[in-house]
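A, B and C label the chains in the order they appear, each numbered from 1.
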Amino acid sequence: MRPISPASLAPGRGYSNGLLAPPGRMLFVAGQVAWDADARIVSDDFATQFAKALENVVAVVREAGGEPKDVGQLTIYVKDKQSYLGAVAAVGAAYRAHMGKHFPAMALVEVKDLLDPGAQVEIQATAVIP
Amino acid sequence: MRPISPASLAPGRGYSNGLLAPPGRMLFVAGQVAWDADARIVSDDFATQFAKALENVVAVVREAGGEPKDVGQLTIYVKDKQSYLGAVAAVGAAYRAHMGKHFPAMALVEVKDLLDPGAQVEIQATAVIP
Amino acid sequence: MRPISPASLAPGRGYSNGLLAPPGRMLFVAGQVAWDADARIVSDDFATQFAKALENVVAVVREAGGEPKDVGQLTIYVKDKQSYLGAVAAVGAAYRAHMGKHFPAMALVEVKDLLDPGAQVEIQATAVIP
């Protein structure tokens, strides 16, 4: 994928303003929370939840024959923005552990609630598998 | 579309963890609420609203030459999570009536409000039309 | 792109119920707020913020070799629905200035908060570049 960053925009730090995909098949990834294989939230720590949710996204991408670099868009829903801001360094480290230096187009919004009562973050993704 | 479910994830119940689309044309569907053809909300019952919003999504897909099985992603915005949880059996029945056994990648989040004052649920969709 | 509007749905006013894209490359655009090139929010006026956020979306599309007509989907997150409703005429004018008469599939939801403390609106987009 090719990062797109017009001169008129602040360069994305930790995300791409735009990401242009080569031709491929669309992969839609359900909103992932920090579930283990038994649908249990693994921790009540925000950064740990973020890491596990992102690991689950990447697991779906790999199962489809793709790699982290094929992810074009991440939409991150959080229950409490302060939890994210307070954990931003650990979140960044978790991000790099699972996604390396590939930065999709992202949006992060604070919602009123997530479906799973223990989830603090949910990550929805779209990828294009070459 | 091919469901993607890595062994490390709990299998999706009523959704797919991932859905890989064959080549095709992208169809973007606007967030649909329970509007009739005159832009009136048809009911204040959550499950009835869910059914009508989903019917509207499917109407767009069919008008574009597609079928429910071509829907890759649903993002479901609700105003009150409890309304959804309290109606989950009726919602499931409405789902199957319109979508059969095809389960897109989904995310459901509770937002602060929707644009239409009477809407309790809005469903945004992306499909790939073969 | 071809607007899709089944007879059973109210015609979209200022959006398309569905938009069917010709074959092309996917462009994912990060959630854009009213940042200038130095990552500063340009104004605390809602319509001005909307205009700048949309200008940023269009800048990414053009940098990728596309045009406003290639935008298939807009997801608009607002912090306060009343700010949007109170500025709807100015928002419409800003919309036409940047997007002309092309109307993507849209969803607008009120969220609890956006990441940038000064942002009142964030616009996420997906385009298909021919």
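Operating definition for what follows: contacts are C-beta pairs under 8 Å (C-beta built on N, C-alpha and C of every residue); 3 or more make two chains touch, one makes a residue touch a chain.
The structure presented is a predicted model; accordingly, all values stated were derived computationally and were not measured.
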item	value
Topology of the chain contact graph, where touching chains are joined (line, ring, star, complete, other)	complete
Chain A on chain B, rotation in degrees - Cα superposition, rounded to nearest 5	120
Interface residue overlap between copies chain B and chain C, same or different (over half shared)	different
Separation of chain B from chain C, taking each centre as the mean of its C-alpha atoms, in whole Å	21
In chain C, residues with contacts to at least two other chains	26, 75, 111-112, 126
Chain A residues within the chain C interface of the complex	2, 4-10, 12, 15-23, 26, 72-73, 75, 81, 84, 104-112, 126, 128
Touching residues on chain B, where the partner in the complex is chain C	25-32, 35-39, 56, 59-64, 75, 77, 111-115, 122, 124, 126, 129
